[in-house]
Structures are given as structure tokens and as C-alpha cells.
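Presented below are the structures under discussion, each in the form of C-alpha cells.
The two complexes that follow have chain A in common; it is paired with chain B in the first and with chain C in the second.
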Partner chain A sequence: MLTLITIAATGIIILYTTFFKSRKLLVPIAITGALTALAFNISDWNTNQLLFNNMMKIDNYSVAFNSVMILSLILILLLSHQYFKGVDKNVSEIYSLLFFSFTGACLLTSFNNFTMLFIGIETMSIPLYVLAGSKKFSIRSNEASFKYFIMGSFATAIFLLGVALVYGVTGSFNMSEVSEYISATAKISSLMKLGILFIVISIGFKIAAAPFHFWAPDVYEGSPTLVTTYMATVVKVAGIAALLRLLTGCFIGAAAEWQHILEAFIILSFVIGNFGAIQQQSVKRMLAYSSISHTGFMLLAIIAINQFSASSLLYYSLSYSLATIAAFAVLILVKNYKNSDASYESFNGLAKHNPFLAFVMLTAMLSMTGIPITAGFFAKYYVFLASVKSGYSWLVICAIIAALVGVAYYFRIIINMYYKESNSEKIIKDNYFVISLIIATAITLAVGILPQFIIGLI
Partner chain B sequence: MIFLFYLLSGVALLSALMVVFSRSPINSVIHLIICFLAIAGHYILLNAQFLAVVHIIVYTGAIMVLFLFVIMLLNLNKENEPHKKLYTKLAAIISGGMLLLVLTGAVKSVALIPFNEKFDSQIGLVGNFGKILFNEFMLPFEASSVLFLSAIIGAMILGKKEKITNNE
Partner chain C sequence: MTEGIPLNYFLILSTLMFFIGIYGFLTRRNLITILMSVELILNSVNINFVAFNNYLYPDRLQGHFFTLFIIAVAAAEAAVAIAIIINIYRNFKSINVEDANEMKY
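Right, the complex of A and B next:
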């Protein structure tokens, strides 16, 4: 609970820094707030609490996912200082919106009631609609904001319809009561099935799982890159953590119903994510499509529903978030430096004058592909292990093919960086930026070598 | 009572259809107001007076007036519907029809649940509603304040006047 309060309070404190003309304090205050929240969050470890009439359930699951998300938030905040350097308008509102959105993300990992789930989704999304359009004079940014808003509103409406149907059948918003009702009734009502379908669809929209991914490439491309980084990491991890909590904590009795839906999600995410990514010329769009494909891998952990689901999903979320942040960070620098549209060609010859950046990007790409000694390898390995244990071998075979296809577009960047010539110079980056890149790369390598630290946690 | 229920449902459905079918935006908005009033009538039938009043004040009052203002300011009062392509229409009809099929199928196969004896019919009155809101649903109520605050700040960011700059 203190985590949540700290995050929301930091958002409000940041608003007040508008009174100071200097922008120097902004990032330190934000990071202090995030670190305090992280400390409070970790202190909740092993204390299973049910708060406010069973509205919130804080257990190791929510603490672990919150930690991953706060780590992502800190890394993104570190990137933001240089990102906003050239912007002369006041950016403190953007930081506070980021924190308010993060409050919603924290609610999503620890809800125990459908009302909390709804408020979590909305609190996370509504600031994002604004953040996506925060580059006000860019037509692409406006388009991204508008598209995300319209599609997100539809998803919310569908979610509410689903919750209403579930409430109509069970007469309760509480997750444990719904779960009891499902296990007590022999035949699941068709309205209940429909409710589950609608809820899964709307969360599938939030995590950009195909076939509800259509907004993702345009929104990811049009939004300011920092916001895209946030969307691709924190929002996706929060959504997928909420989905696992919902499906295994509440709808576990109806597993046969939603597993079929998830199978379709996974297969379509692999196909559309990978083949979409291959065709792209812009790296930002490629990363958007690849995030759709990663959603497929994460859903693979959920569909397994066994004791490995939560831990493998946690590990995958961590490795995916770190790699994505590192990749987008390098993209920000390259894009700003070349003033280009972030095509593959702008990465040409990066290794010659910027070996550090090239190495960071190399680790990120290897981790996304799933090559050993980076975290991505064990992430995929544990997810596959979990689903094979539950008899989803055919899905794992599809996933391995999808991972192999992924090599095509991830290695294209690596080849461009190391084997192509270009007259690039050293790119200037500030200390915060370097710290963020070092942390992301170091943790990617560390958990890649020693996966048991994360995998045994929950 | 039953007669009122069917009357209100009929009015709500008809006006909802008219929202979609009428060509002028002003007509759509007027029909939407009628639809909302009919739904508020349903709330009163369910003994949820507070919800009915809030629904009328917020939706029918505030939001619909806002709609009318937007239509007036943007001068949308013309009957020019953009011409859609045939396959778009076809795709819309097929997907909408499939959704209708699934929904009616689900409703048809469902067995009506017996009336819950524990249900408190006085729950929708203002006093009882307030007690529920500030006891059982305290946390969602407080958490939504963050939502509103971020909506206000968001409106401020988007609405603020700025010089055109070309940086990121």
C-alpha cells in the first residue's frame, strides 16, 4: 500500500517543481520517489496482506512484478533527462503523468476485485493517451494519441460489458467469490463464458496481443520514443501480470474456456508479430512488431497454468523490459543524432566510433532473440519448459520457429552496426543515460548467467 | 411495473437505433438524450434513485450539452456522411452480425438465476449507497482520484497554448 501512496505522492510533488525554473531537480526527485517506492515494495515481501475489504491483495507475486516495473520506471527516468534537454516547455507535467500512469500499473498487479482492475486499467491508460500526444506539433504524435484513445475506449467498453456479464452470473465483484462460484457450479453458464471472453479481449488489447494489435505499430511509432519505451515495458508487463492473476486466481475453474482463446492469441501474435517485423524499414516499427511477438511468448507462460507460470513470466518480463529499454535508449540517441526516421541504415557503422552503444544494442538484440548468456535465453527456456510440462508441445514448436524468424530482423541491426561502414562520429550522452544503459546491460547479463536468482523467487 | 419496463426498454432501443440512423448529428444527440432518460427510468424501476439522478445530471445534462457545443463550434450540422467503401460495409455487417449471433446464442442458452434472497433492495438509496461507497468501496473511490487528477493534468497539457517548436 505504501508503494502505491509513494508513487502517487511523487507524481503530485513533481507537479510542484513547476514553481522552480530549474529543471535540474526533476529527475533526482523522480528517481528518489521511485527508489523509495521500491524499498517499500520490497519490505512487503512475504507479508500476504488483504487490504480494504479484500480490494487489494499484496503477495509475493505482486511485489515481484512491482519491482520489475519500478526498475523499468527508474531506467526510463534516467533516460528522460537527456531526452527532454532540447525541449523548452515545462516537462514536469509529463513526469507526473508518468507516475500517475504507474499508479494504475501497480494497481493491476495487486487487485483482488474487478472494480480495482477496472480503475487500474483506466488509471494506467488515460495518462498514456495524453503522453502519446505530448509531442503536440507532430502530426504522427497526434494520430497516435487519437488512435490509442479511440481504440482504448472501445476496449474499456468491452471490458465493462464482460465484467457486467460475470457480475450478472455470480453476483460479486470479488475475485475469490467468483472463483468459488465457478468451482461450485458444474456447468459454466454461457454468459460467464462470454464475460471471460470479453475481459480477455480487452486485456489482450492493452498488451497488444494479436489480433488486437492494430493500434500498436502506429501508436508506438507516433508517440515520443520515451513514452513508447514506457508503453512497451511497464504497460505490457502490468497488463500481462494482471491477466495471469485474473485467469489463474479467478477464472481457473473455467480454464478450458480461455485456454482456447489464448491459443489463438499466441499463434496469431507469433505470425503477425514476426512477419510484420521482417517487413519494416524503421527500427521503431520493427520493435513495435517484435513486442507483439514477445506478447505471444509471455502468453505461453500463462496458458501453461502450473507452478512454473508465475516465475517464468516474471523472468521473461524482466529480460524483455531490460532489453527493450536498452534498445529504445540507443534508438533515441541514434535517431536524435542522425535526425532521421530511425531506419536500419542509421545504425551503420555504429560500432566504430561508439563501441559502448553498439555493445548495449548487441546485448539487447541477443537477449530479444534468445541467445545464451543473455537473459533472453533462459527467459524463453523457462517459458517453454512451463508450457511443455502442461502438454503444449505443439505451441512450443511454433514458438521456436517464431524465435528463429526473429533472428532475421534482430541480427539485421547487429550486422549494420558491426559490418557496415559509415562516417558517423561519437554520440554525446549524459551521465544519467550512461548509468541507465549500464544497469540495463549488466542486469541482462547477470540474470542470464545466474537465472536461479529470479526463477526461484515466486 | 412490467408494462413500464417494456415501455422504457422499447423507447431506449428505438432511440438508440435512431442515434445511429439519423443523418444530422444534432438529431443523433437529441435521440441519445432520450435514450439516456429511458435508461434513467430503468434505474428508478430498480430502486436506484441516486444512480438515476447522477445519470441524468452527468450524462444527459453535462455531457450532452458538451456534445451540442462541439457540434455547434465545429459546424458539423451538415448532412455529409463520408462515403464508405463496399468492402468496409460488408466487413462491418459480417463482424457485427457474428457478434449479434454469439450474444443472442449466449442469452438464449442461459438459465435464469433465481432471485438472490440476500439482495438488499434498499441499496440504491442515497444513504445506503454512501455507506457502501465509503466502507466497502473506499479504496476504488480514493484510487479514482488519481485518475481524475491525471485527466485534469492531461487536459491542461493538451489545451495549453504553446509556441510551435520543432524539437522532440
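Right, the complex of A and C next:
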């Protein structure tokens, strides 16, 4: 509760800094707000609260996922100082929009009612439509924001139709009441099935799962890179946490219905994500496609729907967020330095003059591939374990093949950094940036060596 | 007020509106018309909620309140959409979706 209030209040305070022309205070205020929210959030640990007439439920699940998202937010805020150096107008609005959008993301992990789920999705998405177009005079940014808006509002419409059908059958928006209704009826009516289908599809849109991924590469490429980082980490983790909460808390009795939908999502995510990523020449677009394939891995934890689902999903979200933030951070530097389109060639010879950046990128890529001692290995291991326990061995075999294909495009960057020559020089980066990179890399390695700290949490 | 009108009529009306909205969304090329189609879909869902509430669960007002939330959120969404469309018009000098195709794989 206090977490949400702190996040929203920080957004409003940041808006007021515009009046005082205190540009230097922006990042410190934002980070202080985020850290306070993190402290409040952790103090909610082991206190199961029901708020607002059972509209919201704060339990360990929501606290754990909120912590992962706030950590990603702090790392992104640390990157933003250097990123917005050249921009002189309307920077504080961008920060406050980030915070408002984050309020929605926090709602998505702790809802207990379809109303809250709807409000959470919309509070998260509407500021993001603006953020995607925040490079006002860039044609690509405009196009990205518009495409995101069209797809987002369409997904909302489908989501609402699904909720309407579920409401028509059960007469309630409360998750536990809907769950009781489903377990009490012997045969699930076709209206209910249709409702579940629509709701799952619309969340699939938000997390860019494969048949509904087509907006993702364009939006990720066109948006400012920092906003892309936010979309690829916080928004995806929030959406996928909401999906697991919805399916366990509400539609668990109808598991046979939605597991088929998720099977299709997973297989298509692997195929389209991997083959899309191999073909790309731009690293930013490659990361967009690879995030689609990571969605497939995360859905693998959800489809298993047993006691390992939540913890393995938490671990995967953490490792994926950290690796993605590190990769995008290095991409921001390389792209600005070379002033290029972020092709693979711009990474040539990075290790020679920027060994630190090359090392950060190396850990990020190894973690995404799933090589041991980085967090990515155990992330994939626990997800596979969870789905094997539920009898999805054939999906796990597909996932292992997908992970092997991933080597092709992740290692291309590593080879370019370490084995190709170019006349690059040392890239300038400020202290905030270095701190963010160090934290991301350190946690990736620490969690990779000692996975039981995270996996035993929920 | 709605005596003598069966629930099915409302559902047929809302289904028709929903599919007219989907059709407009898929076929129109003007950004404003696409926005209007989305609003049509949202309103068809509103009719669904209100009809279900009125006929099936008249003792509780949950469906009506959900409709109020949808209207408020749709207004916010429309405001953001118009801002985006104005910005696109400034840069592309057109609000046709086919002109906004800078990015291709």
C-alpha cells in the first residue's frame, strides 16, 4: 500500500521540479523515491493484507515481484542521467511518466479483482504510449508510439470483452468468487471458455507472446532506447506476473482450457523469436526478438502451474531483467558513440579499449544464453524442472533446442567484441552509468552462483 | 424501462457493434477512424456489462461501476491518442496509416 503511494507521490514531486528548474536534482529525487518504495515494499514481507474491500491482496508473491521491478526501475533511472544529457526540454515529465506507469505495474502484481487488473493494465500502458513517442521530432518514435497505442487499445478491448463474458457467467469480479464458481460447476460453459481465451490473449499482447508479438520489434526499435529497456523489463515482468496470479488465483479450475492456448504461445514464441532474431542486422531489433523468445521460457513456468511455478518465474524474471538492462545499457553507449544504427559491426573490437563494457556485455549475453555461473543457467534450469514435474517434457525439449539456437545470435556479439578489430576508442560514461552496470553484473553473477537465495523465497 | 425486451436483444446489439468496430479497425486507413472503431468496441462491451448486470444480477451494481471505469479510462486513452495523432500529422503531414511505415524488417 505504502509502496504504491510512494511511487505515485514521487511521480508528482518530480513534476514539480520543473518549476524550480532543478535539473540536477531529478535523478537523486527519483532514486530516493524508488529506494523508499523498495523499503516499504520489503516491510510488507509476510504480512498478508487484503485492502479496499478485497480489491487488492498484498502477499509474498506480490512483494517479491515488486522488488524485482523496483530494482529494474532503479537501474534504469541510474542509466537515465547520461542518456538525457543532450535533451534540454521536458525531461522531468519523462521521469514522472515512468513513475506513473510503474504504479500500474505494481497494481498488476497485487490485484485481487478484475477491476484492479483492468486499472493496472491501463495505468501501466497509457503513460507508455506517450513515453514511446517521447522523441517528439523523430519519425520512428512517432510511428512506434502510434503502433503501440493501436495494439494496446485493441488488446484492452479484447480483455474487456473477456471480462464481460466471465462476469456474465459468474456475476462477480472477485478472483476468489470466480474461482469458487469454476470449481463448483462440473462443466465449464462455452461463454466462460471464450472469456478465458480473450483474457489470456489480451495479456499475451501486453507481454508480446508469439502470435501477438508483431508490434514488438517495431515499437522496441522506434522508441527511445531507455524506454525500450523499461518496456522489455518492467512491463514484461509485470504482465507475466499478472498472468500467473490470474491463472493460479482465478482460473486454476479451468486449467485444461488455457494450457492449450499457452502451448501454442510457447511453441510460436520459440520459433518466431529465434528465427526473427537470427535474421536481424540491428542489435536493438535482435534484442526485441530475443525478448519474445524469453517470453516463451517464462510462459513455460506458468503452464506447469505447480508449487515451483512462482519461484522459478521470479528467478527467471530477475535474471532476464538484469541481463536485458545490462545489454541495453551497453547498446546505448555504443550507439551514441558511433552515432550508428546499432548494427553488429559497431561492437567490433569493443574489448580492446573498453574491457569493462565488453565484460558487462559478455555476462549479459552468457546469462541470456544460459551458460553456468551466470544467473541465466539456473533460471532456465528451474523453469525446465517445474514444467517437467507437470509432465511437459516435450515442451522442455523444444525449449532446449530454442536455447541452443539462441547461441547463434548472442555469441555473434561476443565474437565481434573480442575477435574483430576496429579503430574504436574509449567510450565516456558517467558515474551513475558505471554503478548501474556494476550492480547489474554483480547480481547476475552472485545469483548465478548462489541460486537458493532467490528460489527459496516464495 | 426494459420490460418486454429480452436479454438476447442487447447481446445481439453489442455483438454487432463489436464486429462493426473490429471491421472498421482492420479496414480503415485513417487514424481518427481507427480510434473511433476502438471506441465503438469499448462501448459495445459497456452494453454487455450493463445488460448482464440488469438482467442477471440486479441486486448488485458491480457491472455498472465497471462501465464507469471503462468510460473514464477510454476518455484518457482518447486524449493520449489525439495527442499522438497530432504529433504524427506534424511530422508526416498525413494521418494515413500507410504513410507511417518507416520501420520494416
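Note that in this section the second predicted complex is superposed on the first by the 457 of 458 C-alpha atoms of A that agree within 3 Å, B and C clash if a C-alpha of one lies under 4 Å from a C-alpha of the other, contacts with A are read in each partner's own complex, and residues count from 1 in each chain.
Following the convention adopted for this analysis, a contact is a pair of C-beta atoms (placed from the backbone, for glycine too) under 8 Å apart; a residue touches a chain by one contact, two chains touch by 3 or more.
What you see is a predicted model, and the numbers here were worked out from it, not measured in a lab.
Visitor: Output check: A:Q279 vs chain B and chain C. Expected answer is one of first, second, both, neither. What do you get?
Guide: second
Visitor: Now for A:S172: first (chain B), second (chain C), both, or neither, which partner does it touch?
Guide: Only chain C is touched by A:S172; chain B is not.
Visitor: Once the shared chain is lined up, is A:M56 touching chain B (first), chain C (second), both, or neither of them?
Guide: First partner only, chain B.
Visitor: Answer with first, second, both or neither: which of chain B and chain C does A:F137 touch in the superposed model?
Guide: Touch partners of A:F137: chain B and chain C.
Visitor: Could you look at A:F146 and tell me whether it touches chain B, chain C, both or neither (first, second, both, neither)?
Guide: second
Visitor: In the overlay, answer first, second, both or neither for which of chain B and chain C A:T115 touches.
Guide: Touch partners of A:T115: chain B and chain C.
Visitor: Regarding the shared-chain residue A:L160, is it in contact with chain B (first), chain C (second), both, or neither?
Guide: second
Visitor: For A:P217, decide between first (touching chain B), second (touching chain C), both and neither.
Guide: In the superposition, A:P217 touches chain C alone.
Visitor: Looking at A:S189, would you say it contacts chain B, chain C, both, or neither? Reply first, second, both or neither.
Guide: First partner only.
Visitor: Once the two structures are fitted together, what part of chain A is touched by chain B and by chain C alike?
Guide: Touching chain B in the first complex and chain C in the second, residues 115, 119, 122, 126, 129-130, 133, 136-137, 171 of chain A appear in both lists.
Visitor: Mind listing the chain C positions that touch chain A in their complex?
Guide: 18, 21, 25, 31, 34, 38, 41-42, 45, 48-49, 52-53, 56-57, 60, 62-63, 65-66, 69-70, 73, 76-77, 80-81, 83-85, 87-88, 91-92, 100-103, 105
Visitor: In the complex of these two chains, what residues of chain A are touching chain C?
Guide: 114-115, 118-119, 122, 126, 129-130, 133, 136-137, 139-140, 142-146, 149-150, 153-154, 156-157, 160-161, 163-165, 167-168, 171-173, 217-218, 221-222, 276, 279-280, 285
Visitor: Per the contact definition, I'd like the list of chain A residues that touch chain B in the complex.
Guide: 8, 11-12, 15, 51-53, 55-56, 83, 86-89, 93-94, 96-97, 100-101, 103-104, 107, 113, 115-116, 119-120, 122-123, 126-127, 129-130, 133-137, 169, 171, 189-191, 193-194, 224-225, 336
Visitor: Give every residue of chain B touching chain A within the complex, in rising order.
Guide: Within the complex, chain B touches chain A at residues 102-103, 105-107, 109-111, 113, 116, 119, 135-140, 143-144, 146-147, 149-151, 153-154, 156-158, 162, 164-168.
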